[in-house]
Every structure is written in structure tokens, then in C-alpha cells.
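Chain lettering (A, B, C, D and E) follows the sequence in which the chains are written, and residue indices restart at 1 in each chain.
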Amino acid sequence: MKEFELFVGPQHVGVTGNMMYHLWVDGDTVVKAETHVGYLHRGFEKLMERRSWLMNVALIPRICVPEPDVNEAVYAMAVESLMDWEIPERAKYIRAMVLELARLSAHLLAISGYAGTIGLYTIPQWLIGDRDYILDLFEQLTGARVYHIYIFPGGVRWDLPNGFLRKLEKVLNYLESRFKLYDDLLFQNKIFFDRAPDVGVIPKEKAIEWGVTGPNLRACGYAYDVRKVDPYAAYPDLDFEIPHYPKFGDFEVLGHGCDCYSRMVVRRLEMEQSIRILRQIIKKIPDGPHTLKLPNPLAWKVPAGYAYARVESSKGEYGYLVISDGGKMPYRVHVRGPSYTHGINVIEKIAPGLNIADFAQTAFSLDVCPPDIER
Amino acid sequence: MTDWANILINAGLTALYLFLAICVGLLFMGIARKVTARIHNRVGPPIYQNFLDVGKLLAKKSNIKHNWIFDFAPLFALAGVLLALAYLPMGGYRLLSGDGDLILLLYILVIPALGFALGAGASANPNAGVGVMRALTLMLSYEMPFLLVLLSLMIYYNTASLTTLLEKQMHSVWAIDVLPISALAADIALQGMMMEKPFDIPIAPHEIASGPLVEFGGNYLGMLMLYSAGSIVVETSLFVDLFLGGGIVLNPAVYGILAYVVNYIVWFALIFVVWMIAIFINAVFPRFRIEQAFKFYWKWPTLIAALGLAQAYIMSVILGVSV
Amino acid sequence: MNAVGIFKELGIEYEEMKVKGNKDPRYRAKVDPEKLEDIILKFKNNGFRHFVALSCVDWIKEGNMELIYHLFSYDNLEDVFLSIYLPRDQPKYKSLRHLFPQIETYEREIHEMFGVEFEGNDRLGEFILEDWEDMPPMRKDFDTEKYAKEKYGSVPLVEEGGEKE
Amino acid sequence: MTPENPNPLPSIIPEKDWKKIQRMLSKRSLWMVHFCTGCGAMEMPPTMTSRYDMERFGIIPMATPRQADLLLVTGYVAVKTLKRIVRVYEQMQDPKYVIAFGSCPINGGIYWDSYNTIKRLDKYIPVDMYIAGCMPRPEAIMDAFLKLMKDIDEGRADGWLRYKKYYEKYKANQRRVFKRWDE
Amino acid sequence: MEIWSAFGIFVLVPLIGALLSYLARKYAVYLGLIFALVPAIALYPFYGKEMSTVVNIGVKLNLAFDVTTWFFMLMLDTVALASMLFATSYVRKGEGGFSTLMLLGLAGANGVLMARDFLTLYIFWEMMSWSAYILVLRSSGEYARRYMLFAVLSAYLLIMGIGIYYYYTGSFLYSAASGIPLSGWAWILLFLILGFAVKMAVFPLHVWAPYAYRSEQPFVAFLSGGLSKLGTFGIFMAMYSIAGVAILQGFGTFRSISLFGYPFAVLGAFTAFIGTILAIFQDDLRKLLAYSSIGQLGYVMVGLGLGTPLAVGGALFHAFNHAFFKAILFLGAGAVIYRTGKYRISELGGLGYRMPFTFLFVLFAIFALAGIPITSGFISKWMLYEAAIEKKFVLIAPLMLIASVGAFLYCFRILYGVFLGQLDKEHENVKEAPAPMLAAMALLMLPLLIFAIFPGWILKWINEILTGANIGTLKYDTYAYYSSIGGADMLVFWITFMLLFMISMYLFTRKRKVTKVVDQYDNYLAGETPPYVQLHAAHNFYKPLRDTWAPLLRYSVDRAYEKFVKFFIEGFEEIKKMYTENPQDYAAYLGIAFLIFLLVGWWLL
């Protein structure tokens, strides 16, 4: 009789997407938490076994809505591994560009969601408005705002349109000029300093063991990033830093790391790095074909074998294990989403002891994306 | 029989003022949405949007309730806030404030909140329970500086009656000129009283899904919206009455009906300014946690209010200034 | 010690997987289910502290289920895939959730989607699906199209005169 | 339960006009439930925020179904979610409207052969407005809002009446895909 | 010989009742009710009667009856009547002890009120104390020792005061007070006030109350509502009847407030604050109410300390209100405990839907406690605030005001935890409290409502008391009451409130829509549909607040006393040996302690 039960989600403002945290609360402290998922389960892995290698390209972006491009990239890389294809340099740069833009847009979404949980509604309004400029770029590049279906095995679907890089440069300049406003409003806000540090702490020594990846891991003080530890696309040629816990540059180091504050600041700094990478890409992008010469799309023969490809998404390590039996369709695809550990395992462990006022901000700061948990 | 005529005229005027106050409150909510939207780089809804919202809610075809105690919320909330409005001078018109003083008003202000809390509690939703707990804790927080502020005014002006307070301010200067420190503390307390950010903890939608409001819909929510419209006017107007002379610029005894019109306009402008300050702060701050809010209020604003009280005490008791 | 060294020390045969795009080497090895726990522990103690995923593959023709334990080392920058094979008709294995906590979640999913029993995991049960009565859907012999047509296609329309699609 | 009493008070406004006023009010103040049922919810933030700003039309997200009039079923509906959607829909108060997003609630869309998504939403709850496309752009969503407003104005958005009328049938259909909580 | 009839009715009748119910155990509860009914009804003809006499029953008892006595008897006898009425359903049938002791206590209390010399006072005081002690012992067991220790402490302090009084005057008569030097008055008043303050549970002498209030609820209602008012009466008599305003003013004044009374006022304000803060954090319903009692009587102490007409009037009025609303609250708690057997707030919940009348009575009592203007509880609080503010006390006024805000917090905790929120499965078949219980609460509720509309009626009595004690007069008329800085008119308030309430009703109940009553589980659960869910958020209700207060809450008077005792136990093995469980030993220690006190008293003089 001590605790009451609180359902955060699926129909709740304080949840990222469609999932549910079942909390047992005493007073206003969470005693126990259980994550429930499956509200978005469509059986992707099953459906992919029923579609040809190329048809799957259209299906997979739908696995993670806020950042669909990583799915395309990682699937393409896995198929290329099986096919033993080396894609053209230009395609690599374009892929890196698309992925960085996707990261920017996902981080803008994550920060705005987070700011919403601590009640700062101006930030979401501004950031999502600004994010639309990135979506406009995508639209120009791919024809769609959200599901781009642009990267596919062998390269990218088509070359950059005329004047795209100039427009990209403009958008980057605009975004950079906006960062100061975000800092004034959120990242240097006194109440943010009061609320975020040392909230939702993942124990540093356990972070890797628990499978924490991406910005959440970097907020714990590990400078691990798939772009560095297992580089792909054009990243080996690009110069960028991995922002991680005490290296916050101009931002104050508050708290002891692994907390909401570090996670958000890491994301904020990563946006700067993304812009830096994009600038380099604009300068360095080579000419050449944007894709390989592909065989007949209806009759791809993919050699039997196992392939694993991974990409750094805005949420962490995103990987596909693709198994082919030499047929027209994949025999098995297993999607390893970063939220799988963050959303279930990590949050169930760090929630006890949290104030219910801090639960939403912890969940949002982990940037859990339910569709890549249940697929 | 002149007495009865007087009473009837007063009652009619009071009803008019109450009606106007609710309209002003709804308008203010609309303006707040518009202003916030502009801060957000948006167009925002039309400023009469909240009239439509209330109309829609009252016209909804079905309601639910959990039990009979659930009805307490809309009834007590609206009746209580109207009662509080009736005891508050608006635009220089005293309404009933001659028949009750600040302490009575302070306790009348509790009636709607308590009714609301009862209804919310009767919904059996834990979100509502936690929301009310937060609201009450917040109340304990902001009342500390606010009571000190009230005390400093009552000590300085040596009255607990709002009518007398206004009269004294009309004949000398506004209280904000003599007690600026208290006014500052009062404005900080006002932010909590109006539950604007950083103190909108009781209704935090991300945390407790709009808290006490969680189970109210349709008619019930419409009534509660009227209540919150009224309470905006109560709170801003209380500040204006206490510190800005209630907006009285013309003495009604001299200028008659003209004074009432002009004072009403000035009063409106002043509560608008007070409301806008709250809205601007609201737009650029995240929210505190409840214990942070409590600590904040019992630290800085209380200190400021205590300074203000000391000032009033020194001026009135030791220096013997009498207004 | 890197992965190759460990494999050699333990006397396990391994193969290198093809990688294009990413740079790190990936090793795949088939191991004895009895020894898996010790092998994972060995890897864990040698820098492979990041448990990436646990995947399950239903090899219907061969009649077995493959469980792939996937580890990564941030020190050596290597991936290791350890496969075990279980009989398909009654797949049963012990839970390894004490090694890495997220294994628990993977086991819950594989239990639901493939019907593999994990002894020692008390949270097996409804996880992603709800009110599910058919066979585990990720098994190869489950025909999702037929199921969907039967289950959802047969629901009648509601409006007056509504018939089956 | 209080029996419905259509016109207990002598009203200044004739019943017909009253209905009209009511429709006029409810179309100008559609409050939607904050429920991201599927991936279409991704285009909701842009629709809500500074670029498209649906608050212009008085549409704002509400935290709980009790307060809301409009349910957006944003995209495909997994069976587990359908149960929650029905629950939320039944908790909403009349008049209430449903907009279904994207191709998936119309015919299953890209998940036509998935074992876990229902293919036609209107077999389980009445739908007042569909938006085609995957995923619908904010402009399309705004257009749907405006069309729904028009429908409300003209009395065509009567999903909530249909749900009452065919309640048993809807319930029977729901029971075919999930276990209802109230039995 | 009207005084004989007064003595007979108010003291002897309960005594006879006590005897009878002891003998006729089978009908004890009904006998108790009848014998409590007699003084309560007989009180009304006695209004305005002034008389005094000496009754010789071996010892000479100086008795008198005036409006003060009458006023306090009104509270005590009505509360006793309600408690006995309540007890007819509450106490096991065929048990004589409860009625006997209650009636003994009542007789003692009435005797205290009528006594006009210290000896009589002491006899009746002990009668009341011991019957209360045994009643506490009946159900709280070990905690009764705490109560007894403080009761004995109270008695000693009284004896000290009386002894010094006798030293100066050579008489026990109240009226004999003349020619006592100021220093003598200081000691007399100090001891007397402290002795009576124990009964009122003023900080830091309050630690017995939370434990004693665990006993049978009808008795606790009488203890908290009735007997604690004897403390109020005693302090009022000591300060304003025996000593008088002139002597108090003789101690020097601080803004025309006696310097002697002022510290007590500050102490009262602190008590109000601390009692309230502690009450907020209680999960035990009875303990919460106990701390609330401590807090509320702190207000009374403030009024008595300040000594202006408004303050003393407010104190008397507040004591009156407190007697009634706190009795309702304890009886309501009793009804809940009777029906559910539970007293932890977090284990209850939703009972308001099953026990609507109990809920309503408790709700009104809480309105009175919180000072909502719908009940008379507001008026007494108003008087106390204005008394502090008009004299510009910047320490007392904020403490009192913030304590009253704190009162809303624990009030809501009672309402939400017990009556609102989720109705537990276990309690789904709980029935409304039995009729006698409801009748008892209704009886107590009446004055709270009547005097909210017609405050003039009760202010008239209070005014008579104040004039009698030469304190001054109040400004009031039938519906309104004034201070020098403000005033309020309850008639206007009620008419406006009713009108506005009707407007709200009209807006709210316009038909055209269906209002459906839904189950408590058809609730906003974020769309989830669990079959059963624990929704009651009452445990650790004010946890955030508690966390912020935690560093301060570590320091409690309770613990200080325990440490004190421990220190002695550790320091002196001898004392540890003496610290046995044998009550006879205690009696011996009490005797020794009495001697020590006497010696200290001699030394002081």
C-alpha cells in the first residue's frame, strides 16, 4: 500500500513516442520502473525476410522516425559488405553529409524534447522551426521531408542537385547564428543548472557493460564514437572532435558526469561538430559518380554469409546484422538499435530514486526512440 | 427606500464588474497565448480564442464524473473566485471590499483552490493527487514572502482594509514608491501565485499530465477555465490594488462617473503590465522542481520581503510616519 | 589480448566476416553451448566489455536455431560473434543475463519472437506482443501474410450494409 | 446517470441555431490528444511549431483525453496500440473527432502483410478524416484540419454519433483483435 | 440556593452517573449519555447567572458560577455529550469503565470551572487528570506513562504556584490576591501558566499529546476538544481574573502589551508554527490531529498572551471553535477507525464515497480548522491576526499566518488521504458510520455554522467575559465584527457567496449534456488498461517538503527529552535502577520529586 502506480505513456506528454514506463512511486520518488514496449511493433525483421534486397530499402527508414537515414546507410553498408562492393568516394561524402544533417535534425529534436520536459517551451518552438530548414534541404535532395530512401546499396540514389551545397552553407550559417540564442535560453539558464546536473546518473563504471552508446556514453566520460572507433563513409578523411564529459569547451562543467546535464551538453556540442564536418564536406567533396553500376535490381544475387554494419546515429550505435543464404531476399536481418538498451535496461536501472519531476527529463535526455526498440 | 435602491445599484454594478473581470481574464489568457506565440516566432491564435474555448467546453455534449465530490471543483472554484473578485476593488470601484478586509480576502482566495483540490482529489488519479500536493506546497512557499509583504503594507498604512489602503494611496503616493522592496517581493510571489513558469510545477504536463486537471473535461473544464480567467484578474488586480494604487488617478468624489471610466482604463492598463511581466518571465524559464521552488521562495523573496517589512516597520513604528 | 589471440588460446575455429564500409575486423565462431558462458567471460575480461546484441536465426532447413552473441571491444576495436546452435523443436538455453544486463531484454524478445526458453530469466512473458495466441511470429514457418489476411481481413466493416472487404 | 434532457430551459436561441453555434465553437477550438500512435507523429512537432503553427486555428495538444476533442491516429496502428487508442477514444467526451494519418490506417500501407498492424482503422473506431501519403506533410495535415472544420460546420463529422449507434458492432470488431479490458 | 443546583447538576450529577455506570455495566454507555445530557441541557437556563457560595463537604469548597464558567462549560459539556453519544456506538457494550471515567472527568472539569479557590481547583483538577490518565492507559498502554508524567508535572507546577500564592496571601481564595509584590506575581503566574500550559500542550511541553491522542477516539475528542480548554480557562483565570490587567501591565509594557504576556504570545506563535509543520508530515491520522491541536492551541496562547480585548476575545472564540471542530475531527477519525480498523492515512482512501455524511462533517470541521470563512473558525483566527497586526507585531503575525497556510496542507492530507482518492478494494463494502456517531458530529457542527452567520451572538458572551475581567470591549454587531484596522460583515459575505454559488450552479447544471458517472478505474492512465491499479498517492504525501525540512526535523523536543532521560540513565546507575516498571515505585518518586519541588520553592522565596 505504500506505492502508487503511475503510467508514463503511451498517451502521455512526458514520453518519447509511443511507449510506456510503468512507475511505482512513493511520495514523489520512483521506487521501481518497468518499460513496456511493443506499441509500434510492425515486425520489420519478418517483413524484410519477405521482400527483395532492394525493396527493403524503402521499408527500413521507417524503423526509426526521427533519424531514418542511419537505417538506410547501415543497411546499404551491410549489403555492400556481403556483395563486396566498394562505393565511389563521392557517394561516401554524400552519405556522410546526409548522416550529419540527420544527426543535426535529430539533435535539434532531442534538445527541444528535453527542453519541453523541464518546461521551457520556447526552445522546442525555435529548434523545430529551425530544424525545418534541414528538412527543406532533405526535400531538395531527396524529395521527401522525413523518409528519404536516398542512400541505398551501391551509393546514393542521385547526385546533389544544383546549388545544393550553397544552400547547405547558408543553412549552416543560420543554424550557427541561432546557437547563441539556444545557449542563452537553455544551456546557460540558471534553472537548467539547478535541475539537470546529477540527475539520472548512469554509473560510469557500468556504462559500457550496460550497453550505453552514443552521446549517453560520451556524457559518462568515454570518448567513444563509431565514427572514430569503427569509421565508415567519409569520416576517416574528416577532422572532428568527440565531445565528451569533462571537455565541454565554453560550457560549464557541472555535476559529476553521466547525468542529464552532460548528455544534453554533449548533444549541443555535437551539433557544432556536425556543422564543422559539413563545412569540410562542402570543401572536400570530390567529383565522380555517385553510385556504382548496379546489376538488375530485380535479380540481385547476394552471396551467402553474415555481415554486420554499424553507424553512429544521434542516439548511439546503430547496427544491422544481415544474413544472406544466397537468395533473392535477406534470410534474416537483426536490427540493433541504441534505444534497446537505453530505453529498457538503463532506464529501469537508473529510475529508482528519481523524483517523478525528473523522470521525464531523464527519459528524454537518454533520447529513447521506441520504434527502434521493438521494430 | 433609498437604502434598497443603493444596494440594488451596488449589486448590479458588482455583477457588471464581475462579468467584466471574467471577460478581462479570458482576454488576458488570449493575449498571453498571442504574446507567447510571438516569442515563439509564431502567429498564434486570435486573442479571442479563449472565449471560443470556454464556449466549446461549456457546450460539449457529454461529461464524466467520478462521484459527487467531483462536482465540488467547478462549483467552488468559480463561486470562490467570483467571491474573491467581489471583495477586490477594481478600477477604483470598491465593490464589497468595504465589508471585508485583506485577511478575509486572503482566506476567500483559498475557497476556490480548496474546492478545486477536492474535486481533483475525488478523481482518484494519482497525477491529480501529486498535482494538488505540489500546488499546496507551492502555496506554502509563496505565501511566506507574500504574507510578509501584506504585513508590511498593513503596518505601514495601519489598515487591513483594501478600501482604506486605496484611499490612502490616492491621497498620497502609490505604495510602490514608498515600499519598492516589498513590491519586488510581491511580484516574485505573484509569479508563483499565478503558477506561471518557473513555478508551474502543479500542472507540469510532462511530469504529471496536467496534474489536478487530469480528469476534468467538458463542462467541468469550462468552469475551471472561467475560474482561472477570474484568478488571473484577482492576482494581478491584487498586486495593482496593493502597490499601484488600484489604478486610481482621478478621485471619484471629484470627477464622478468620468473618474470610474478613467480609473477602470488605467487599472486595466496596469494589470495588463503586471500580467505581461509574468508572461515574459513565463516564456523564457524552465520550471523548478517543487522543493527547489520552496527553497527559493523561503530564501530570496522572503529575505527581500523581510527587508521590506523592516523598512515599513522602521518607517511606521520607529520614525512614526503615518499615512 | 585481441580476439584472434583468445580464439587461439581457447582453441576455437573462427572465420573473418566480410566488411565494407566499416573498418574494424569482425570474427565469427561457432562455439559449444556448454562453454559459451566461460568464453564470453574470457572475452569480457579481455576488453570485450560492450555487449552489442544477441540475435537469433531460425535455420528451418537445418532444423536448428542459431543464437549469436555479439561482443565489441573498445580497446582492440574488434567485433566477435559467438554462435551457438540449439535444436529447433525445443530450443532451450540458460539465461546469461548475469554477464551483461541487457541480455535479459534480448532473451525476453527472442523468447517471444522465436519461442526459445531461457532458464533462469524470470521476466520472460509478454514483452512486445499482446494477447498473442499463434506461434512465435519470427519463426520461418509463420506466414505473416496469411495471418494478417485471416485475422484483419476477416473483420467486417461496421457501417450499415457493411460486408467483408 | 442523468437522462439526456434536450431542452429543459426555455432558450432564447432556437435549437437549430444552438446546434450551429455549438458546431461553430467546436470547430474553432479543436483540442487534440497528445498521443503519438505511430510514425506520423514525427510531422506533428513541425505542425505545432513556428513554421506551420496550428494554434492559429485554435488547435492545441492536450495532455489527457478527457480534455480533448480530436484524436490523431498518426500512422500505422499496431494491435497493442489499437487497444490504447480505443481506450483513449472512449475516454474522450462528445463531440469527438478522429483524423487518421497516412496510408497505413487506410489499407495497411507498406505493412499490408504485417502480423501486428491492423489494416483498416475504421473497422474499429469511426474515422472522420483521412490524410493519404507517407508520411503526410504538415501542409496536408493543416489541410485536413481545415477540411475537418468544414465538415464539423456542416455537420458531416459525425463519427462520435456513429460510434454510439454501432457501438456493439465496433466492440465486436475490437474484440476480434484484442481482449477488451471491460469484460 | 441556585449555586447548589449548579453544583449538583454540573458536578454531582456526573459523579452519580459515574457511580451508576460503574455499577450497572450493562447499560453504562446509555447511562453515560443520559448523565452527560443533563448538564449539557441544564446549562442553558444558567446563562447570565452570577452566584457564589461555599460548600462544606468536610473541606470548604469555594464555588462560583459566572459567564466565564458558563462559556467554558458550554464547550466542555457539549463536547462531552457528543463524545458520549458517539461512544454509544463506539465502545463495547457492557463495559462500564469508559462511561465512569468520562463522567468523572466531566465532573472534575466542571468542578475546575466552578472552583474559586486553589484547593478546590486542585481537587477537581486531580480528579479530572487521573480519570483522563486511566482512560489513556486503557488503550495506549506504555504511552500513558508519558501522559502521566506530564500530568504530574502540571500538578507540581500548579502546586508551586499555589504554594507561593499561599505564602503571600495566607489564603487559597482567588479573591484574596492583594499585596503580593510584583516578583511574587511573576513566580505565581509563571508556575500557574506553565502548569496549565501543559494541559494545552504548548511547545515545549507538548510531547505527551501525540501519544495520549492515540486512545479511544470519543475520549480523545473530549480530551482535545474539552479538557485541553481547562488549560485555556486556567491561564485566563490566572492572568486576567486572579492577577488582572493592572498587575500584568505593571510588569512594563511593550506597545501597550504586558511584557509578562508577550513571551507567552511568542511561545504560542512558535507552538502554532511547529505544531503545524509537524502535523504536515504525519501519516497516523490521530497523530496528525494531535499535532494540529497543539498548533491550534498555540493560537489561543497568542491571544491570551497579547491581552488586548481583540486578542483575548479571539483566544476565547478560538478555544470555543477548536473545542467543536477538533472534536468533530477526532470523532470523524473515530468513525473511520470504527468502520475500517485503520488509522494510517495511506492505508485509507476513497471513504468519502462510502461515508458521505462523515465526510461532510469532517469537511466542515476542516473548513473551520483552516479558517475558511464559511465557518466560524475564520472569525476567531481573524481576530487573532488583527490583534497582532494592529499592534504591529512583526514576529507573531507572520508566524501565525504562515502556520495557517500550513494548516491547509495537513487539512488536505486528511481529506485526500482518508476521504478522497482511490477507494481500496478492501473498503468497497464500508458502510456509513452509525447514526449516533453522525448525530454527535452534527451536534458539534451546528455552532460552527450558526456563529459563522451570527458572530454577534457569541461575541456578546465573550464581550461579557472581557468586560467582567476589565480587559476591554469588542466592536461587533450581529453579523459583523471590527478591529481598529478593518472588519468584515458576514451577512454580506453569505449573501454574496450564496448568490455567486447559485450562478455557478446555473452555469454548471444547464442540461443539454449527459453527465456520466464512471468507475474510479476508468481514469486517465495514459491510455493503459490494467485490470487493477494502485492509484492512491497518499503515502509520504508531502515528501518534497519533508525533504527540505529534514535537516531541521532532526531536532525535536521529543528526542531532546529522550536524550535528557538517557543522560540520566547513563550517568547515574542508581536512577537507572529506580527506573522500573512498578507503578508503586513511581508513586514514591513522585513523592520525592514533590519534596524537591517544595524545597526549590522555599529557596525561591
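Going forward, a residue touches a chain if its C-beta (ideal position, glycine included) is under 8 Å from a C-beta of that chain, and two chains touch if they have at least 3 such contacts.
Only a predicted model underlies this, so the values are computations on that prediction, with no experimental measurement involved.
The chains in contact with chain A and with chain D alike are B, C, E. In terms of the stated touch criterion, the partners common to chain B and chain E are A, D, listed by label.
For the criterion of most C-beta pairs in contact, the winning chain pair is B-E. The central chain here, found by comparing per-chain C-alpha centres with the mean of all protein C-alpha atoms, is B.
Set against the C-alpha centre of chain E, every other chain centre is closer than that of C. Centroid to centroid, with C-alpha atoms defining each point, chain A and chain B lie 45 Å apart. Put simply, the C-alpha centre of chain A and that of chain E have 64 angstrom between them. Inter-chain centre distance (chain A to chain C, centres taken as mean C-alpha positions): 23 Å. One finds 39 Å separating the Cα centroids of chain C and chain D.
Within chain C, the positions touching two or more other chains are listed as 128-130, 137, 142, 144-145.
Along chain B, residues 40-42, 59-64, 126-127, 129-130, 133, 205, 209, 214-215, 218, 289-290 each make contact with two or more other chains.
Residue positions 510, 512-517, 522, 524, 526-528, 530, 535-537, 541-542, 544 of chain E are each in touch with at least two other chains.
Going by the touch rule set out above, the chain pairs that meet are A-B, A-C, A-D, A-E, B-D, B-E, C-D, D-E.
Chain B makes touch with chain A in their complex at residues 36, 39-42, 126-127, 129-130, 133, 197-198, 200-201, 204-209, 283-290, 292. Those residues of chain E lying in contact with chain B across their complex are 350, 352-353, 356, 359, 363, 370-374, 378, 381-382, 385-386, 389, 392, 394, 397-398, 401-402, 405-406, 408-409, 412, 415-416, 419-423, 480, 483, 485-489, 492-493, 496-497, 500-501, 503-505, 507-508, 510, 512-520, 522-524, 526, 535-538, 541-542, 544-545, 547-548. Interface residues of chain A, counted against chain E in their complex, comprise 1-5, 7-12, 15, 20, 22, 25-29, 355.
Here chain D touches chain B in the complex through residues 21-22, 25-26, 28-29, 31, 34, 49-50, 53, 55-58, 62-69, 91-95, going by the rule given at the top. Residues of chain B that touch chain D in their complex: 33, 37, 40-45, 49, 52-53, 55-56, 59-64, 205, 209-210, 213-218, 221.
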